[in-house]
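As structure tokens, the structure follows; a few thoughts come after it.
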């Protein structure tokens, strides 16, 4: 366009008296000068484009033709912080939360499981995971709805330049590490249900298979640019569900798998007869605090930017968690006579779990309501339901994560609003119909579909994989080993020495 | 010589120690123990699971004394450890054949 | 103006020969094109305004007419980080610091108090607190000096857009959560003075009343845009005092209230006779480390931006804390023969407390001097003074926070300098006279007024509220419960199980 | 130029009929309005310069003539976060990692050493350290290659404005605090080798001397703008070595000094006969988690910006650490029959150490290879080599930090690539020849020189200083004190009270 | 009266307690101890250092009973604590001169 | 048979164990205890509060031996536990009526 202007201008000057021409040239010069970036738009961006790109940095939108391939410091900084926070959730957050809840003789086994999973999953993620989840080379092919692609195998080509399919201003390598931290904590959550009685080798084997069969496809379906259930970002999503930070991918998948695994493996020796009280509620509470703090990286970080959506997620996470923690404590106080530390901690974690899928989509009022539900329904599950059915979900992965994640996914369908997140009513959401569901209601229907698919995949795959592992390496250690404690027998160490 | 074993409530240890020191006892050995008895324990509930704790924290005090001190020491312990409430504990007296002070090799009552 | 230009141009073209008109239209088009933002300045900002707004993002100033209502990623990211850090100070930081200092049988009670307060205060803050502190609807009315307003009740209207009365580039919902974290830790500090002997229900009741009567008005007076003592930002402040991160609001208020409460409740059973040594100096030290780290969010975050003022606060916090810690340790070494861990920890916390009101206002030299004072005066209080008067300030909330906070508020008056913080000598400070006091001296006089008002409010209100709670729910548990420990008797759990 | 335009325009309008003039004025006005910043270019920066400065903020380059002396929020925020993270590594990270590994009776002594060093080093840093390391006033003089200068003594002039020799967008006071955190953790690492048997006063004395003689010169040589071995930033570097986050400065220096010191001080009483197992592997693991998380500030923060280099460092740190942790665990499993928690923890720390010098210079593939090496070679040292030679490197500072740091420095020479860090192939690196070495190979040669110089300085200086301290204050406590434990005897406290 | 001291495997405590309660024993005192015996300990390796742990966790149960109960109690302990594997522990019977209930001052078998 | 109870300094445990193993003792039971005696404790100061700690950590070793071994065992303990400094501890010898090995039910000296 700038070129055409120039040519037109030239032809026009031809037909004017010389003095006017000369003098007009000055005008022209002034004009040209100030529109110079426009003229050279093919080569370098115009001033407007440059400024627009800078504004895009502030507003976390597409930089357009300037500043492309460059991460933005505010967003990159926040995402590095978030990634560190999510790692902190597992090491040592979850390790302590779970570690405190087991018996003294098994505390190290929990820590070892968290550490071992962190190492194992990193290797899987580096080799194939990231590519299978966030690649797009399978796009168009049928499998592309379930797996991403092969272009990022071994993190090939994953540099500091943003992958704009996921974030305009965050380095892809940071994004890859951020998502790795999610991939680490998810299988680590499962450990809670089978604590104190599963062989270390069996856990590592199971987790390897589970990541490939359950986590990678699920994460792609929900978060991958070409994913089947990615309502918020995939214009061609088959199921227009939404999941901000992992209610289905992380909590439902781990929670339901945990239930199946704990049913297959059976209860701990002495379950129901011997005292199996937490050996250190102090550690458990420390872990809870760390989980809460780290979860800000998990939830607000899931905006993959330090923008207003992240800000909203920060607020809703805080409200839901605090309300759920207090609710659980008060329910205990009313029904049991005292509010326990484990109650406050369980409530906090439940609040965090339930708000997770909703956090970037709901308002403060929605968050408070979710907090109230999160502080009461899982309470019912870990006390009444578990007691009734008698399964040994040792640290309540099912009661908190499966129940909470499922509820959260569903409640997101009820409370999500375009007012706090414009992605729900623009872009891909307009094309795939999500926007309409959000505005006119009915999103819960799509959420239900996502819930059922997630549940189905987790349950069936875990059932099969657990039996495979059982056959190949065996699930449980010898009873004598379980008696003496996994710390000494499986890891050759003691947790505490006087 | 006799070995006097007293099982008492933990918070009474300081008082018992002072009472014993008061009557000239120069040494004793203390162990943390758990006691089961008539005193009811309590129930702890962790999420769904209920545990009855019937072993309560107690302190065991062992004092070896010369024969002539036995009654006096027993009385001092009973008096200083008593709250009058259930679970106050017991005093047991056992016969002792010999006592040796490791540092010096002294034997008998002089070793105490 | 843009419209007028357009009309004038149109009428001018009418009076010209057609060829010139046609050709000039091209010129016009070029001009219009490149000055388009100018023409539409009423509607959209000019290029200059757009760039100025971007510069305002970097310098943390008013964006003007462009990028309004948008948070800035660098600032927003830092404030989310800071909020998480301040929460980390309480959960698990303070919980461990205090929890380590009590006896084994009461460790969980401290954790439960911190958790319970976190939940309770969040609900209060959501419902009324934020609005009463940072609202402005009472502006002009007399009460507006003590309470903010009602416009933000239930966080209505608190969105991701910045509230420019407090920050140009930070989402208001993040700001609200950031300030919530302060509201959580302040009453949690009080717990230190009455540790091991106050009923859980009494603590929650007292805190509820105390937040409404002491904290909310005080926070508004010092930090609210229309607050009575907000010298730095309220042009109409009655007392032109300054308090960067809460010397008066947080530490004086909690510390003096703690003293009164511990006097009313009386000493622990066995105080002065039985050994009441910290059951785990390890936990205490871990808590100290977390407090120190988290305090960067508290102090540097109080700039509500990732700007140069935050940077200065970061430096002064580090210097004062480290110097105070080392000073306390060395004083012990000289007077007692050995430097204790509790000494280093106490010194660090004292340093953090004393620098808090000054942190964004003083230079590195000021910080080092403040560190020296912070490491010695509270030492004198928690050893000599407490021993002399015999009050049972169990974990030295008075000796460290009241004494430290009061000193800090006063020292801020001596060391504050416009050189590190231009807010002291511009804007509101020019109008209300603060600038003059800072430049010419005499600020300490205003600080004294703020100190006296704070002290008065804290002491009188606590006296009344504690007696109210005593009458209604009772302050202390039965002696038998206190003997056996609050963990088992009030919360039904044990801290550690062998 | 803008002025000339204006004058020309004025003279041109003189010669036109009044109506045209009047109407053209409107055009002119439009043009002038939109080019206004251009007109004032001599006084204030042009629009282009202003936009360029804003772009420089995003890309972390020189702001040029606009926005000078101003920190950038995204970078500043990230560096404050990083500084807090690095402090977190020591307090309580390293304190717990080391504290868990000693016997119960000495746990507090380790904590006290970390706390004492933090205070002491801060004071040294404030007084002379920062200036000696990062000053430039000795530039040109021979000593300038070993020490920086005197201009920043007592942090004089260290304000919130960036020191562009080190960072364009980070406040110098934040930079100074960030580097302080490195100065704190380095001597604290040494403590691991002589744990459980060195007098507190001897440690503080030794550290004081060691900072002055070893750390400050070494840090200047590698990182100072005028440093002898600063290949990446000093165009006149004598040795064009590179060390991204401290393989030589931090890990080699502390590790080799630790070896010498532990040889001089001799083994613990009972070494090789009595059980000296870690008293709490739980604490050790918690410390490991904190070290890992905090290390992101250490490594990614060493970009001194939230840019793409930081992003790359974030990724390589994660990969190397996780791979090394898993490798160590698996080696144990193969050769010993079980993977221990201490194994996973040791592997993680070794991975962190070895990647440190390379983190901002190598690709993801390089990081994975480094992780494999880091998880195996130190394993060999802390098991076989230590056992063979029988020195009492109590907590394996030598085996992990000296060996790891040395390897890391060397491997950096092999794997560094300009593809992930353009500083290796531009600017100073072009002038001093580093660029050539990086592109054509041979960097390992320079790295070897840096390794030898570091090793030499650390070993010789420690040998001399340790003997000086031995003569003046004595190194070891009385055997009875060592027997009873340093906690009680040196610090008058017990770690845990039942 | 006699003092019966039983050293048993920790996880057998609950069973032993129930067995004793079953035959009317109303009180006992329990201590965590470490036992050295024929049962082999294990080896712990921390980095380069190998430690042989030959003290294994055991629980000591002390029960004072009237003379006529001794055989019955001993039998009950042996039966309930037995796994048949090495390290099951021992029962020792010591003579006792006196027993006093602190709460009431009662003496003799009635104090138990 | 006799029950030999030795209260020793904790760091002497290893030596005592070896000395006993050296003379053929095949089993013993160890308890962590706190001792009060002539050996002075220390003072701990936490901020303003001073606590005198007069209970010092000791280790109690219990060995049941056949009568003929009593003297030998006592001597071995005294010798190996001795440092000559105050607080070295005591050895007490108590009569024992019976010993049973739970695993086998064996009784008497053969059960040890």
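Order as written gives the chain letters A, B, C, D, E and F; numbering starts at 1 within each chain.
One rule holds for everything that comes next: a residue touches a chain if its C-beta (ideal position, glycine included) is under 8 Å from a C-beta of that chain, and two chains touch if they have at least 3 such contacts.
A quick note: this is a predicted structure, and the numbers were derived from the prediction, not measured.
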item	value
Chains contacting each of subunit C and subunit E, listed by label	A, B, D, F
Shared chain contacts [subunit E and subunit F, defined touch]	B, D
Least hop count linking subunit B to subunit D through chains in contact	2
For subunit A paired with subunit B, centre-to-centre distance based on mean C-alpha positions, whole Å	57
Mean-CA-position distance for subunit F and subunit D (Å)	52
Whole-Å gap separating subunit B and subunit E, where each centre is the average of the chain's CA atoms	18
Residue numbers of subunit B (touch at least two other chains)	31-32, 44-46, 94-95
For subunit A, residues contacting two or more additional chains	27, 31, 34, 47, 51, 54, 57, 72-75, 77-78, 81, 275, 277-278, 336, 340, 342, 492-494, 498
Pairwise chain contacts, counting only pairs that touch as defined	A-B, A-C, A-D, A-E, B-C, B-E, B-F, C-D, C-F, D-E, D-F, E-F
Of all residues in subunit E, those that touch subunit F in their complex	2, 5-8, 31-38, 54-55, 58, 60, 74, 77-78, 81-95
Touch list for subunit A against partner subunit C, complex	5, 8-9, 12, 15-16, 24, 27-28, 31, 34-35, 38, 47-48, 51, 54-55, 57-60, 72-75, 77-78, 81, 85, 103-104, 169, 275, 277-282, 285-286, 288-290, 292-293, 296-297, 300, 305-312, 314-315, 318-319, 322-323, 325-327, 329, 336-342, 344-345, 347-348, 364-365, 368, 420
Subunit E - residues contacting subunit B, complex	3, 17, 26-31, 64, 94-103, 105, 111-112
Subunit D partner contacts - residues on subunit F that touch it in the complex	11, 14, 42-46
Subunit F-touching residues of subunit D, taken from the complex the two chains share	270, 273-274, 483, 488, 492-494
